[in-house]
């Protein structure tokens, strides 16, 4: 499976508003140059203008288990879809959901034609999530998120163990890994361990030169492909 | 104080995506024709394109108590501001906050230059909210929301009691009332009871002809002004 | 595996305080007469005196993902254990947990020597829960809870499908089923479908004669054993 | 008003199970010796046996906004009352509630004959809480909780400002203060600033000799009375 790199913009000021659009354009340039599949996950308010501005797949950072109707302040699948989103992150460690709601949200996303990336912090949780049949599962040990210490190098066994556990219950789901990924080496290690992509945030968004770091990521991908 | 009517789009399909823009344009027309101050509160993903399309004040339906940073899936004040929002609803009965977070969110909104409308379901809660010094407080008895039975006619004492309780602790906050408002008569009754505006949702969004219902609302406002 | 019937006392007044003790004594009598394995799950405040009064295994209705320390108002595993609890229900549909916390709570319970029953509303969620290796999983479709319409008769395929899905990922976990169980026939149907016990609440607690209904349950169990 | 000292046992192991009873007995001795009004707030599972063992007023650490019925895993007012509780802490910074639920919980407690202590972290929040008419409000700046640095000495203006703000909206509510209180001097300072009691946790529970620290607290109270 061709690897996928998803850049989570979180609520960093560096990737808010017009800067979300600008960063997405840089990411699109790298994707075109390297022919590596990249995606972006801006904040809700920025989804529409990012989707209008670039041809990358745009993900939401969250989706609520709600239907159209009286749900003030919630994120509706149809709203993401109409804004141009291609998918959504679910259950990120900074926005965790109840087990029950994860199943509902995956269903709502699928009905709306949105891809799903469910995050999980341990191998067992990743396998549990995989049983609910999302499109992708992302392993992210919370203690490494934003640490600059890459899961694929600090805790390689979590990645390989997760891949094994997930594969024993779901042969189709794409496995991403994240947390602390900040160099091409980290990406290369992740793919070697069986991941089929990475979820990255501060490693790109807070980088002095996001474009060159991402270029480094993509060259690591090319070494594998 | 010149009355203010805020239309909450909730997650109704009738007010999602391009239909949020279209409905906002109709609302803008009514505002221009009647010279009554109107505002709209679309879903997060629609704030930016609505704000780009109309000159009405655009409100978010919710704001999270977060700072710029690692808060995946949350709503940041700076993101609302950059999208063109003029303010935000807080603590709607469909998206209630902890007391502690209401104070934080009001502070975050103020710092970002966003107006705040804090919702409350009872007179005592409305006064509690008013002590935290938002720009507006909206009384909405949850049992009447979406009922078609207007708070200003079904439970006028809640409105007058709330106005009195709020005024005893805060002389400046604007008092809105909501829940079940669906005709000019309901609006007139609300203003007569001391409200300085209304919060309305299904009464406009789900109306067969939103423009004509809103025109009826605005004529009621003109009778008072 | 010898079937197990767990009676959830919820927050019914009929099973609060001294009535929790009295009901537990009746349940103990039936267990002794029929030699069927029964357990009770009273409210937190009643666990200690119920555990002191009867020899049945006593379960908590919930456990929080906390450690000893500064967690005012939370339920600590060591506190349940010292009160005499033998185990705990986790993720009941009326007290659902985040996926992440389910894994933590199962671990905390195990360390404290408490058995775990994780509830789930669908077959897929039950299998997800089973992957986290609790002692028992209970299938309870939320729409049938308290309905008087038994899951084992109304939706037998949910029970058999859950048993199959759970068994494909975990060969050891005990599978209970619940929701609407109110007669020996319902219990018999559940066991025939592969369940190894039932979780019951209003069917016993709110019965005019709890003892005789439970006797009926136990006779159904004896027919299978 | 005669000062009141409430000792919150949190989920400390030092105050769990039989040690909750033992600590309560020590606290009762100090209360008898000094004639100062003391109370204890053990964990849910310990309320009944503590209430049976001592004549001190026993508080719960939390109460849920639920009615008798299908609320598995929640804390019911009637359950606390039957276990012998005299009151409950509400909205502790480690177990915060939505504004809406604070009003409901105060009402449920009052109906059940339970006293209420609502916690708040700032002067404005304390006044908001006081408007909902609990029996007591406790000011506890979260940043000082468990710090060993007493609010009454580190941030005396928070205490005096809170007392003033609370008094401007509610003349009857008892004002406690907490966070970091660990000596008689801290208690004396708090009472001098207008507080009518203190809420203390680690300062007593984790003390090498809880009895002697509490004796020091009570002597400070006697200096004022």
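When the chains are written out, they are named A, B, C and D in that same order, and each has its own residue count from 1.
Rule of thumb we're sticking to: a residue touches a chain if its C-beta (ideal position, glycine included) is under 8 Å from a C-beta of that chain, and two chains touch if they have at least 3 such contacts.
Note that the structure is a prediction, hence the values are computed from the model and not measured.
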**Study point:** Cα-centroid distance, chain A relative to chain D, in whole angstrom
**Key:** 45
Review point. Using the average of all C-alpha atoms in each chain as its centre, how far is it in Å between chain B and chain D?
Key: 37
Exercise for review: Identify all positions of chain B at which a residue touches two or more other chains, and write them in rising order.
Suggested key: 93
Check your understanding: Looking only at which chains touch which, which shape fits best: line, ring, star, complete or other?
Key -> ring
Study note, to complete from the structure: Inter-chain touches occur between A-B, A-C, B-D, C-D
Revision key, fill the gap. So, in the complex, the side of chain C touching chain A is made of residues 91, 93, 96-100, 102-103, 120-122, 124-125, 127-129, 131-133, 168-169
Revision key, fill the gap. Within their complex, chain A touches chain B through residues 8, 10-13, 16-18, 43-49, 61-62, 66-76, 78-80, 82-83, 85, 89, 92-95, 145-146, 201-202
